[in-house]
Every structure is written in structure tokens, then in C-alpha cells.
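First the structure, then my questions, so here it is.
By letter and in written order, the chains are A, B, C and D; residue numbering begins at 1 in each of them.
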Amino acid sequence: MHDNAVSPVSSYPDSGHAPRGSFFRFAALMLVAAAFFVWGLYASYLTLRNGLGVTNLDNYFGFGLWITLDLAVIALGAGAFFSGLLFYILNLKPLRYIVNLAVIIGFVSYSGAILVLMLDVGQPIRSWFGYWHANIHSMLTEVIFCITLYLIVLSIEYLPLILGWKKADKVPFLHHFGHNLHKLMPLFAGMGIFLSFFHQGSLGGMYGVLFGRPFSFRTGVFIWPWTFFLFVLSAIATGPLFTSLIAAIIEKCSRRHLIPWHVRDLLARISGVLLALYTLAKGVDTLYWAVKLLPRAGLDFNSVFHGWAYGKWMLFCEIFVCGLAPCVLLLVNRFRSTPKFFYLASFLACAGVVINRYVQTVQTLAVPSMPFETWQSYSPNWVEWAAGIMIIAYGVLVIGFSFRYLPIFPSKNPGRAHYD
Amino acid sequence: MGLSRRGFLALAAGAVAGALASPIVWKTLDDVTIWTQNWPWIPRLKPGENTFLATTTKMCPSSAGTIVRIVGGRPVTIAGNPEHPLGSNGVTALAGAEVQMLYSPSRVKTPLKRMPDGNFQSISWDEAITLLAGHLKNASRTKDSLLCISGDQHGVTANELLSACAGACGSSRFFLMPGEIQPAARAARLMGADAQPGYDLEKSDYVLMIGANALETWGPVIRNRRAFAEGRPHGEPPATTWTYCSATQVSSAAAVNSWVPVAAGTEAVFALGLAHLLIKNGYAANAPDIAGFAALAAEFPPQRVSALTGAPEALLRKTAVELAASAQPIVLAGSQNNSGAPAATVMAAIALNMLLGVVNKEGGLTFLPWPATLLEHALPRARQLENDLCAELAAIAAGKSPTPNLALIYDANPVYALPDKHKLLKAYASIPFKACITPLMTETAMASDLVLPLPMGLERLDDVCNPYGCGKNVYSLCVPVLPAPLTDARPLDAILSATLAQAQIALPNFADQEAALTGTKPFTIRSLIAARAQKMHAKEQELLKGAAHTDETLAPVSLRFATDILQKAIKPLIQSAASETVRIAPMTRMALGTPDTAIPPFGVKLIRASELKGTELFALVNSNTAARLGLTPGCRVRLCADSGASLELGVNIYDGVMDNAIAVPNGYGHTAFDAFSRGKGRNLADLYSVAVQEGLGSEWKVAGLRLERA
Amino acid sequence: MTAAKNFAITWGMVIDVDKCTGCGACMVACQAENNIAPATDASDKLKALNWLVVYELANKKPFPEHDVAYLPRPCQQCGNPPCVSVCPVTATDKNEEGGIVSQVTPRCIGCRYCMAACPFHARYFNWFDPVWPKGMEKTLTPDVSVRPRGVVEKCTFCHHRWMAAKDKAIVEGRNPNELADGEYVPACAQMCPNGAIVFGDLKNSDHAIYQILRAASAKGIAFQLLSRTHKKDRRPNPEPQVYYLSRRKWVRDLASFRLPKTRD
Amino acid sequence: MSDSEARVSGKRNGMFLSTAVPFLVGLVVLLGFGWIVFPGLLYEKKEQPVAFSHKTHVQDQGMACTECHFLRKDGSFAGLPDIDSCASCHAAPLGDTEAENLFFADYIEKNKPVPWLVYAKQPDNVFFSHAAHSEEVCGTCHAELAGPALCATCHMDMQNMDTPPVHEQNILTAYSKQTMKMEYCERCHANPGHTDGSTRASNACFVCHK
């Protein structure tokens, strides 16, 4: 169905008038997602009712699957602010096809992260203390501020798409409101970029500042440890790839061609460069850490790895399998243009970020911090998996309904509100 | 004019604006947040005036003086009483939990009667007294058909009341639960001293502990540890030397000067080995039969001692040299499972102290006169200690002595604590009617026909007199800190006097009229205490305020080595030491409670991760033994003994255990009590069997230990 | 990377490892004094809630060279606490004379970031609401609030005993900031039957701890947990206010994390 | 105006009527409810178990405040007197007021402590030292805070109240209406004039929390 040559007309998406795939297929998919969502809700009810003791978290592993999921989902959700930057600020016109999807993915990942954070925090009702009694020295304060504010920005960016819904579009006020709002998008995109840059970084900074944990501690510049910049770089490198992956999945499910190849090609080239940059930076950081920082903390490279769950294979994966390999696939034209390799590269890059977030969160806590302590291990139980999958199901639901009823992708039909 | 859609939207917008500009949202958010700080289901604190009451702990074998903090009439925490001769600022992990134990879920609330279907039904005190009186009356008709078991190792008044009651019913079968004091008293008597061996640790500069874990469970541990601490200023080399010989390098071993691996049950051999070395370099005692003893000691050269006990020769010689070099040495000996060593062990230790010439000397082995017996029919303390419960139950099982009609158990848990379950407890079960006076629902209470609630230590008047291991005479009272017990419990004197009266049996009177105080009823704890205080020239009012009475007078003794008896007593020890290829090394910790308390609520968090995982108990073996026996960490084994008993355990590797020893923790395997103890691990006592030697009491040992992969 | 905060009064502890027999009386006293709920099953040591834990150390040699030592580990009340700087809601702070790191559970939102930051594992989370057997809540002392689920708690050196000692001094007309040695002692230090835990004001020469620490440091037998020794380690040192003594070198080396190459 | 303009202005007037007015109505109603009615809903009113009259005790009998509210030797504050100290005078009914007879029957004879509803009750996580807020401490600079005046800074002026005021308890927080919140304490504790070394006051967390 795909034609290699990049021609504007023929690849013009046949959206707009053709029916959006059979309702039955759509309903079936949404039902499955809803089922997982309800299962997650039950797990959440148990957690909120009985206390976090129902999970496998403990006093060594205060952070576990949920925090790993938060960080991964927020990192992969960076496609929103980055494509916002590319489209609204740097005016890369072809991205108009994908910017709306990016915004929805961003909205889903941030609201999903906040949802699971409300479970993970011991006293969710007091979370507004993060603003009221903020501790300006803490990286987590910055994360709390920027994630919640950026979620508001994402909702504002998502609002015009919602107002693009057929029934809402008929109400003139809403139509005009949505249209005017769309004009302000560059402003919100700018705010989103500022907020996202800092909280993506602070999520990394959270681990880098822990001078009690030699595994994750890094020196840095001014108040930002190097992990601050690594997290930002890895987020913007893999965000767009994640968005393309989701777009590919949507196309496959709805059996419709939505985004011309040249858009994905552009994103791939940008991500490829950023991924190369990130992999290089990650390599240098790992080297400096292994050669200089660990020995000074009384440890050596071998002593911070243990068994399979905290093994060196993950570091190897992060740098080579999910770092170098995707760079090559994305930067070499021949591979980039064959979809199979493109999607493999995207998947590997995203997997690399998830591994990195897992290692930074869980392995940091597993390494014995006192010499007379031993390695401890952590494995999530069904409550944690259920709540985690709930977020993914929530994402599928929101993206599914948005795709079906909201004008995400630009269409030929002039009557319909479309935004490019 | 009806409201248009636009009008409605405007109204709603105005309402929202109004709400946001009023406290509705923000005050509610603030209050809900404060609600999370004061959830109604979280217990509230109650202020009150702080008062402090001094008493002595009866729940903990340390018998230490304690101070209970009371807030507005509620006891909350317990601390040590530094003025008390057996106390210090600190308390043991068990005594520290005594206040919380007042509210233990396994408290017996009311008298309970076992119904035919096996369940208990709560009955009134009158009903219970009538039932018990009936059985007491039948038992008093035939001689010796009442069996009394008392768990009070450290007091005299309760035992006096109980044995006087038994005497009044024509029975002399009054027994104390097995402990360290019985073999010590027997050894002293056999060596010519009708007195209680005492150990003046405070003034000793070299304390050799053979098997006796004096800093954890042996004797008045708080006083022992105060003496230990006083000899070791912080950071400086210790002024006193403590050496600990045991099979496991735990608790005391971490702080003493040197740990000597000695297999459990071979303590006597190690002592004789030392005696041999001392005699070889000129030590002699002026006792008549020194020659015989020297000959016996000569049979234990270092090589043989090392082979039998597992202690390296070098350490044996080093200990002997240190003993000789120290000014005031003292040797303590006891069992490693804290339930009574064989008499031979204590005899060997007394012999060593004789050789070192520290008998009745400062810092040495002091002999304390037995406390007076006040009531008629009551057994004197010395006779009480001669009666051996295990020997008696073994005799009943073998039919050599008649099965009693009635068993009266006071504050004791024989069903859990006694060894040789197949033999001894079968005999115990054959007793038709068993009445158990206990504060907590123990295994014994569950197996009894009548359970009578006794007030806890902090709720009753009781006394502590010369607990075994102290260095001088000490007498102090356990004073109630609550106006009345929290449950419908009655003290022992109330129960016994009501029962005897109902059974028309005359209440025993004071033995000698001089002690008969004016007007007070003799058969009460209060009057017995008053009489004893007067006899001791102690001030009763001070005692009731928690002060202790001490007395330095010692019993003059002329000791002999009694080599013939020692030779007979040591034979089975050597025989089993030689035959066993692998031996049990019991580990006892105060934090896990005694058989009468089980694991206190605050003790659960002190259980070592290597000992218990959920309900599965783990034995510890060192890497050499594990390799030899083919054991891998986490594998499961079944320990079987000749007596047919077996114990299924997991195995953990820990190199603080000597070779050929399997270290098994004591104090687990409870089937009664509450969720803090029930169902956790296995009871090590089940594996032990009892060997009774004529005139030498009974000896706990694991005969023919075999290991099978479970 | 802030430098260590210092105060006129610095409450500190010197724990003599050579006198600790691991009996656990300090852990029981701590639970009773600070209204910590008992647990029916505490075999999952990572979820058991204690403010003070006694670690069992071994010199990793086979029998018979094997040696054991017990090390009680309260909160180290660090001079430069890794936990204070990371708390997003300032629920924990080192801002009070006396140098005790405070933990205000009504403000804690339970994010557990401070637990990740603390290398001594001295911080514990309430995974469930505390439950006492019926009636046992009558043994709650009025000095420490009962913490609900969802908040982190830590050893406070029995701070409430200091406040009570200060009140007593005020009523007796003395200066509450010049308490005599032993007037304010945490429950664990008071209850240790071996007197292994010495407590006092590190800066006050009339307190016994002052001399004991000086003498021990002079003899080189005092050490601190994680007191690293590599010159170029630019990580800030937590600077605990809890010192340990041991005349056994393997204990000092094992617990103070000396680098293999630079071990003396 | 042309009719189109009229229509437009009429439309505009209509528009004004149909949007602004409902908006204002909604606004005013909610503001009224929020500021007047709502706060009352949060509090549950209760009477004291005994109608104790400070006026009778302080003014008529001339008792000093410290006879019931005093600092104990160990520095703790006695707070409300226990039943025994009441019984020391009220061994038998002294007057014939109905409240005293009730008090005598329900509490003195049964020796049952009176479950007073404390107006200034602080939550469990707050520690307040009366010893540190004594006359000697505050009186050095604030001469006006002598005797009862010092107590009146945090408590209601009880000494001449004949009947105890109604106790209002917040149904969510269990605080009483008079319970001091943190910002009230910080008037002194966070006041630079106090924390500059001139007094022992400090705004550190553990000074007030436990």
C-alpha cells in the first residue's frame, strides 16, 4: 500500500470522507482496553482502601514499577512538546499531520502518570503541599510543579481537538473558541517546551543528586547533575519515535493510511541525530562513572551489578542494542525508508529509555548502600501490574476515541474544522 | 421568562465563580487534608500525669528491679531501677515488653471449664472453686494423689503456699519446672553444701561461662550485664575478662573477650580438662578427697577434651593459664538451652572453683543459706529443688509411681516446655483432672480441664528471693502497678484458701508461733511476706515501695570433691559425646520470651531473618559441617532422635556455629497463645529426651541424632 | 551540595559495638516509647517498621576464625542529611537547636523520595495503618503521635524526652539549653543493659560522651558509618552525629566502608 | 436608530439580560452560601457535660487560676483538674444549683473523670509547652501579658464566664473552633523579634510537632 516515492498528492491521506473502519473492530478493541482499565481500577481501590502494603514495595524499594512506568511514559510522551517545538516554533510544516496525535499522546502519558502517582503517593489528598510547602532545593518539587502545569498546557492544547468533534463543532461559540484557541497554540507550545525541558531534566536530576547512592550519583554543572541532561536528551530523542509508532499502530488498526511517509522520515532523521547524541553522552557518562566516580565511592564496576535482574546486560542493551543500532537504522537512508527497519529502530529506542528508567529507579535502590547489607530484589505483584496496565488501557481508550471522533489528522473536507 | 440554555450556562458560571471565591472549596480542601492527619480510626493519645512505680519483674527470668511509668493511671512503659541490686538502668527485651503484655490477646479473661466436646466455657469463680474443691477433696483422701507444678523459679511465697496446700492434702508431690537451679542445688548437696551456690560477679575479674549464657538468659542477666559493663570502660581495654564457652557464637559471644567452641552437653568434660591443667601446675584444694579428684581429672588430658568437646587445645590451655593468672576468677556452668544442665556439669564447675580457692570469697563462689520455711506442711526450699519433675513423670510413665488424681499447675507451661513428649506428656495426659492457674492461655491451659486466670506480674503482689546466679541474698517484691487486674483474675492465695475452705481442709498455719503475726491470716501472700521480712529484719514498707533487701551472710560450707559420684555422673556424658557425630546446639534468646510468655508482641520484630521466614524455622550450620553433611542453603532437613521425635527445618549457612553442630533456635513452635507466637517454627524441646540417673536428677539430651533430607 | 549545619548543642551518640550482645532491648524500648505498633509477622525485614535496627555483622571468615558483632543503627541525624534536601514538602528538616533531623508526619505526603536518598535505611514507611491488639492502645504514651498509613517516619533521638527535660528545667528555674549529662537520654540509651549506647551533647565537655569520643578518636577506634576516605570523592559526606567504637579492626573496616586499596 | 440597530441593541440588551443577570444571580447566591451558611455546616455544636461556672469559682469564691491549672513539678501542665481535686472541695454539694447536683450525682459519687470538651484542644501531633510560655518568659518584654491576660492570648477569657460557651467541633478535622492553627502560633514563633536570640522561641518543626 506504501509507495516509495514521496509525492504530495497520491499520498494524500484519504481521510475525512471514508468511514473510519468498522465500528465493530473499534468497539471490540475499546472493550478489551476498558476491561483492563476496570481491572486496574479494582487494584487502585485496594491500594487506596488498604494502604500501599498491598503492593510489593518495601522500605528498601520505595520506588518500583509505578515510578518506572511514570518516568518511561513521561519520557516517551516528550513527543508532544518536541513536535510542538518543531512545528509551532521551527515551522516544520510536514509535521502538521502528526502534531495533533503527539499532543494527545502527551496528554495521555502525563494524565496517566499523574493517575498512577495519585496511587503511589502515600497521602494523595495532601499532594497540594508540594506547592504550599515547597522545598526549593528538591528536584521533586520542580517535577511536581512542571508536570502538573504542563498537564494543564496539554489539556489546553487538547481542548481545540475536542471542540473539533462533530457535535461540538456545530455550536458556533465553541467552533470560534476552538478556532481562536488554535491560533494561540504557538504560545502554549512555547510554555510546554519550557516546562517539559525542566521536568524531564529534573526527573533525571532526582537520581543524580542522591549522594547517598553511588550507583546513581553524578557530578554535573551548577545544580544539575549530568543525569538531568541525559534524561532530557533521551526523552526528546525517543518521543517522536514513540509518536510514529503509535501512528503506525493506529494505521494498522484502522487499516487506513493517515500520515505520509515523508513526515515520518523527517522525524526519524531528527530523532536519529538526537539518539546518536544521547548514546554518545550516555557512553561518556557511563565511562566517567565507572572509571572515576565509583572507585572514589569505594565501589567498582562489578560490585554494582548483580544477577539477572540487576545485570550488566541492561547497560549493554541501553547503549548498543537500543542506542547505537537504532541510530544506524535511522540515519542510513536505505534502512530508514524501509518501514520494517524504521519501526524496529523506533521500538528499540523506546525500549532503551524504559530500561534506563528501570535501572535508574530500581537498581539504584537494590545496590547495598551499607557494606554489611546484602543485595535485595524487588518484583511487582499483580496490584502493581494491574494499575500499570490500567494506564496503558486508559491511553488506548483516549487515543481510540480521539481518533474515531476528533479531527486529529488534517483532511481534505473543507467543512470540517481542521488545523494545520 | 424561562431560562434559556445560555441563561442556564451563565447561571452555572456565576455559581462556580461564587463558589471559588468562597471558602466552600478551599476550606473543605484544607479540612479534608487535616482530616487525613487525624483519621478517626487511628488511636488517639490521652494526656495524664506521669507517676513512676518501682517493682520487680516476675515475667522475665532476670528478676530485675524495674520502674513502671504510669500516665493518668495507665501503665505505658517500663525502665530499669538502678538502685535495685539485680537491676540497672536497662531492662531485658522481655521485661521491656511487660507492660504491653498486660493487654496480650491471649490473656485468660474468666475461669474456663473444659466441656465434654473439648471446648472451653467460661464459668463463674464460685463454680470453678467448687469444682476444684471437689477434686481436691478426693485427692486428699489418698496419699500423694495431688501433683503440684509451679513455674515460679525465683520466688518463695507462691511455692510455699502451693506446697503447704499439697502437704495439707497429704501429698509431697510438689515440683518446680526444670531450670538451672535444681542441678546446682543437687551438686552443692552432693559436695557437702546444703546451700544455694551463688556467683559474686560484681567483684570478679575473670568470669568463665561454660555453657551458661550469663549475658542473655542465665541467672539475673541484668545484674550480670551491669557487672560486665562496669568492668569495661568505653574504648579502653577491658578491666575484667569474660570468656564464654558454647556451641554457637551468638549474643554473649559478640562482646566477651574470647569465645571457646564447646559442644552442648560436654561442659563437664571441658571443666575437668581445665581442672587437670590447673592441678598439673600446682593447684590443690584442702578438700579431703583431692587425690581422687586429681586422678579423675587426669583422665581428661587436653587431646581427649578437645576430641570430646570440640574445643581446640590451644584455647583450653589459654583459658587455664588465664584462670590461673587472674586474682578473683569464677567459673559458671549451665546448659545451653537454659533448662537445667546435668548435675555433673555444676559439680565440675564447683570443683574448679574449689581448686581456684574462691569458695565463699569476694568475687567467687558464695553459698547462700536457704530461705526460711514459714508454713507448716510446706516443703523447705532445698527439698522443693530435689524433686525432679521429669524424673517423676518418667516414673509415672513407667508405672513405678502412681498416677495422681489431680494436677494443679501454677504459672507454668509443662505441655510446651518439657522434653520427651511421647513419654512424659503421655503420663501427664493420663492425670484425670488438671487445673491450671495461669495469666495467659498457654499450651498447658489448652490441655487442662479447668483454667483459672492469675493476675499478671504487674497486677499481683509476689516476691523474688535469691534467684539462682545472684551473688548475695536478695529479697524484693513484685508490687501491683494497677489498682485491680484487667481481667477477672484472682491471686494464688485467694484461690487456694477458698478451695481449701470449700474442701473442708484446714488452712496450714505458721510453722513456728514466733512468726505468727498478730491477727493476720497466715495463708495470705501479704502475711507471709510480712513474716519473712520480719525474719530477715527487712523493712516491709520499703519492700512494698520496690526497694530490695540484701544480706551478705553466707552459709559456711566444707566442700568435698565427691569424685565417686562425679565419676558415675560423667560416664553417660562421655559416652554420648563420643558416639554422636553431629549434635544439636540450642540457641536461646530472652527477646523471644519464656515458655510461659511465648513471643511478646514487641519481640516479633527481633526475630532474626536467618531464623524464621513466615512460619518456617531454620537451623544454622557452618560451611564445613554443611559440606560434610551435604547440606545446601535453604534445603530442608528432618532431625530425628532415638526417642522417635523429629523436627523438620530449613537450613541456613552461618559460620558462627562450631563444627558438627546444628544450631536450632529455642522458643518457637507454640500451638497456643496468640498470632504473635502461634504456628511459628517448631519446638526444639520436642527433640530432647530425658535420661534419669539415680540420685543425680534427670539430664536433657538428644540421643542418636540423625539427619534426613525432608 | 551544602556544607554540614552546626548548632550550639549537637546531640550525638557513641555506640560501643564491643559491648553490644544484640539482645534487642533497645528495639523493644524504642517501640514502646514511640508508639510503634507490634507486628504478628515481621519475617519480611524490608517491610518491618522499626526506628532502630540492630544489624548482625560478621567478619566473613569460616569457623573457627569467624567473629560476630552487633551494631545498633538509629537515625544518624546527619549534619548534612541526604534526606532533607530531597523532601518536596519540607516535611523533614534539620533546623532546630540540638541538630535532630525532624520528621513532621502530618505534612509528609508519602512520596518516599527521602527513603531512596538515605543510605543508612533509617527511614520507614507506614505500609498499612498501625493496629494494636484490643486494649493495648491504652499503653500508648502521650508523647508521640500515632502515625497513619502513607507517611514516612524515623528515629528522632526520642525528641519528646528533650522537650520534657527542657520543661522540667524551666519549672526548676534552670536554663533549658544547659541540661546536665543524662537529663535527656533516648529510650534505647537508657534501656541498654550493657550501657553500650552513650548519649549526650557532643559539644558540651561536661557530658561523658565528649571525653569518651575524644579518647576513642585519639586511639583510632572510633568510626562512623560510610565515612569514606578517598581524597577525590567530591560527594558531600552525610556527617552523621552517631559514632561507633570498636577495638576490632574488621568491624571498623566493614562498617565505615574503607576502600580496599586504601585500607591501613 | 435603524430597526436593524435596535434589533442589534435589543439583541444586545436581550443578550445582556439573558447572560449577565443569571451570572450575577449565581454569583451572589453562591457567595452568600459560601461565606454565611457553609461555615456553620462544618461545625457540630455540643454542650459541656457539666455547666461549670468560672465566675462562681474565681470571683465569688476568690480561687486563683493556678489552683486548677498549674505546672507540675516535672514541667508538664496539669490542664483541666481531675475529679479528685474537684472532690477535695465538693465532697458534698456546696450550693443548691441544679448543675452542681447533676455534677455530684454523675461524677463525684461515681469518681468518674468529667469528659470535658477542650476548647483549645491541639491535635496529637502538636506539642505545646505551657512552661515555655510562662509569665516569666513572655512577661520580660510584654508587661501587658500579666496573669490571665497571657492566657487570653491563646484561650478564651474564661475567668468571668458564668456558663461554659458551646463547644463547636469541626466534623472533618475534629478541631474545635478555638483550636489555634499554625499561622496563629507563627505570629510569635516566626516573628524575627523573637527568633533573633532575644528569646528561646524558634520556628523549627520539632519545637511544636511530635
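Convention: a residue touches a chain if its C-beta (ideal position, glycine included) is under 8 Å from a C-beta of that chain, and two chains touch if they have at least 3 such contacts.
Here the structure is a predicted model, which is why all the values come from computation and not from measurement.
S.K.: Which chain's mean C-alpha position is the greatest distance from chain D's?
M.R.: Farthest by centroid: B.
S.K.: Taking every chain's C-alpha mean, which one sits closest to the mean of all protein C-alpha atoms?
M.R.: So the chain nearest the centre of the shown protein is C.
S.K.: So, what's the distance in Å between the C-alpha centres of chain C and chain B?
M.R.: Centre-to-centre distance between chain B and chain C: 32 Å.
S.K.: Cα centroid separation between chain C and chain D, in whole Å?
M.R.: Comparing mean C-alpha positions, chain D is 38 Å from chain C.
S.K.: When the C-alpha atoms of chain A and chain C are each averaged to a single point, how far apart are the two points in Å?
M.R.: Inter-chain centre distance comes to 40 Å.
S.K.: How far is the middle of chain A from the middle of chain D, if each middle is the mean of its Cα atoms, in Å?
M.R.: For chain A versus chain D, the centre distance works out to 50 Å.
S.K.: By residue number and range, which residues of chain B touch two or more other chains?
M.R.: Those would be 32, 35-37, 44-45, 47.
S.K.: Can you pull out the residues of chain C that are in contact with at least two other chains?
M.R.: Expected reply: 105-106, 129, 145-146.
S.K.: Multi-chain contacts only, two chains or more: what residues does chain D have there?
M.R.: In chain D, 72, 74, 76, 123-125 touch at least two other chains.
S.K.: Every pair of chains that touch: which are they?
M.R.: Once each pair is checked, the touching ones are A-B, A-C, B-C, B-D, C-D.
S.K.: Of all residues in chain C, which touch chain D in the complex?
M.R.: 93, 95-97, 100, 102, 104-106, 143-146, 156, 159-160, 163-164, 166-172, 176-177
S.K.: State the interface residues of chain D toward chain C in the complex, per the touch definition above.
M.R.: Interface residues on chain D, with respect to chain C: 71-76, 123-125, 127, 129, 131-132, 134, 137, 200, 202-207, 209-210.
S.K.: Using the touch rule from the top, collect the residues of chain C that touch chain A in their complex.
M.R.: Residue positions touching the partner: 1, 44, 46-47, 49, 55, 57, 71, 82, 85-91, 107-113, 115-121, 123-129, 149-152, 225-226, 228, 230, 232-236, 238, 254-255, 257-260.
S.K.: Which bits of chain A are touching chain B when the two form their complex?
M.R.: 123, 125-126, 128-129
S.K.: Where on chain B is chain D touching in the complex?
M.R.: Its residues touching chain D are 3-4, 6-8, 10-19, 21-24, 27-28, 31-32, 34-35, 37-38, 40, 44-45, 47, 49-50.
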